[in-house]
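Mind having a look at this structure? Questions to follow.
Order of writing sets the labels: A, B, C and D. Residues in every chain begin at 1.
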Amino acid sequence: MTTDAGARTRTFTWTDPAVTVAAARSMSGVELMGALVRGELPRPPVCDLVDFGLTRAAEGEVEFAFEPREFHYNPIGSVHGGIIATLLDSALGCCVHTTLPAGAGYTTLEIKVNYVKAVTASTGPMRCAARIIHRGRRVATAEAWLRAADGTLYAHGSTTCMLL
Amino acid sequence: MTTDAGARTRTFTWTDPAVTVAAARSMSGVELMGALVRGELPRPPVCDLVDFGLTRAAEGEVEFAFEPREFHYNPIGSVHGGIIATLLDSALGCCVHTTLPAGAGYTTLEIKVNYVKAVTASTGPMRCAARIIHRGRRVATAEAWLRAADGTLYAHGSTTCMLL
Amino acid sequence: MTTDAGARTRTFTWTDPAVTVAAARSMSGVELMGALVRGELPRPPVCDLVDFGLTRAAEGEVEFAFEPREFHYNPIGSVHGGIIATLLDSALGCCVHTTLPAGAGYTTLEIKVNYVKAVTASTGPMRCAARIIHRGRRVATAEAWLRAADGTLYAHGSTTCMLL
Amino acid sequence: MTTDAGARTRTFTWTDPAVTVAAARSMSGVELMGALVRGELPRPPVCDLVDFGLTRAAEGEVEFAFEPREFHYNPIGSVHGGIIATLLDSALGCCVHTTLPAGAGYTTLEIKVNYVKAVTASTGPMRCAARIIHRGRRVATAEAWLRAADGTLYAHGSTTCMLL
């Protein structure tokens, strides 16, 4: 971060989310996540907005890659907690999704996020991984972690999802 | 949301966050939030990225305005939970900040978010309000709500912050 | 609390919970809670164990009374957080229950409890109140507070319940 | 649980908690927890009340044993969520305590508990284990699980503690 007060600009491009939503209807969660990892389906707009992407998906486990940038900052000089929550929520929800057959859906009832270390642009590339804790008939829970390349933990969280 | 699969583009501009961070040092939380509401200081980059802004701030109470857009979408066809968490986390943190004198700081230890209704681009303008529950010497807690213009509740949450 | 290291003894009595469980089947939540307030049905065993009771119930709102005692203590010299969670969980669950018609049930998916001040035997009589935040078709959320007689807040929390 | 509606009675005995609180002052967390496991110090009153005990403690890891009984029941015919929260809160707090040197203390700021399966008297002996997620200078977080003897998960949770 420089001390130059001048304005910065970023342009991003996204794709109509209806494309992936429609394709998702006939795919199992693992198939959908695999197609997103391989870039066979457009990633959801929020990934283009925040600039992060799914890098790995298996049943009950997923991983996203993210690099903190100045445009993620809050008014106290670090990456905003909501951006970190976006990473964790994505990993948690996709992880639950990988356990679902085609035609099944889920809704996230709640997430809880613990912030244990401030993330800044100098933190460098990060990984956000999640795994299932409990997969019941109507409810699933999962946990997630955000780590720097050296393994240092920056945030962790959990979710409760209802299966539809 | 149209069914046109073509790419969409958005360009946003932000300001070096160091300007506001530096100004914040000599201002109480209420003064800083007031300056942000009146546009006397550049808003933090995350507000430019996600496109939301502080509209009201008093001691122990703040409100943000937000309008859901397609670029906030998740892979299941609604506004991503992390974007909603970004609104709630902002309201919760700023609300705690309004109780601090100049020179004092805080760090968010955790947030918890409940999603009670899906937000889509057709939900229209929303308000995210927060208020203090407990303000101790070392710890503060607060709660927040995200509502549409007609008062319908879409999400709510709480935070635990440590005062420095 | 004296400094006498001698053993203390307490004897409590409870009633087969099946009596109230059976009666509950044909009563709405408000009817059941009203019968518990008036002592027309035996209170659940956990109320006899921990020594607290329902004092008020209306649709979407309940209140319990509790007096902290030495036998509630943790190893660091105050009322154990789990006892406080028991009060909040009771208030949260019963509050959700008051919104249900006869024949409907619910299950608590999660609770979150914030401890903001240590409770000791000298805190005196306390009240734990809860109210509904969101009552949907399949999910309800509620919040609760534990306060001393003078209104001082000691703990607060929230829940997510699934309606069956 | 029988269908006999008659009253049941239980008498329990506890020891002045000041004994263990005083001894704790000169012991590290691991030393204190070890003394509790070996029965060299009286367990805290809440353990006598609810009937559960510490069975294993090492730096950053503890385990409690518990057997569900009828007197733990809620009004809907299973072990009350607050009793389960008591087990998880104990495991989480003691686990954080095992990382502290003599003379240091902690306070639990919040706990979050997920209930994934109903516990009844027929569930049989259970174990509640916790381990540290993050141990910072001022804050620690930990997670815990409640399982039956066959490994089935019944509840899990996490905590945020402030170190003093």
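One rule holds for everything that comes next: a residue touches a chain if its C-beta (ideal position, glycine included) is under 8 Å from a C-beta of that chain, and two chains touch if they have at least 3 such contacts.
Every value quoted in this text rests on a predicted model; they were computed, and no experiment measured them.
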Checklist entry - More contacting C-beta pairs: B-D or A-D? => result A-D
Item to check | Reference interface A-C: repeating pair among A-B, B-D or B-C with over half of contacts shared | outcome: B-D
Next on the checklist: Based only on mean CA positions, could you tell me how far chain C sits from chain D in angstrom?
Outcome noted: 19
Checklist outcome for this item: Distance in whole angstrom between the CA centres of chain A and chain D is 33
Next on the checklist: Roughly how far is chain B from chain D, centre to centre by C-alpha average, rounded to an integer in Å?
Outcome noted: 36
Checklist outcome for this item: Two or more other chains are touched by the chain A residues 109-110, 112, 114, 139, 160
Checklist outcome for this item: Residue set of chain D touching chain B in the complex reads 109-110, 112, 138-139, 160, 162
Next on the checklist: Residue numbers of chain D touching chain A in their complex, please.
Outcome noted: 112, 114, 116-117, 133-134, 136, 139, 141, 143, 153, 156, 158, 160
Item to check | Contact set on chain B toward chain A in their complex | outcome: 1-21, 24, 32, 36, 42-46, 48-50, 70-77, 80-83, 85-90, 93-94, 105, 107-115, 118
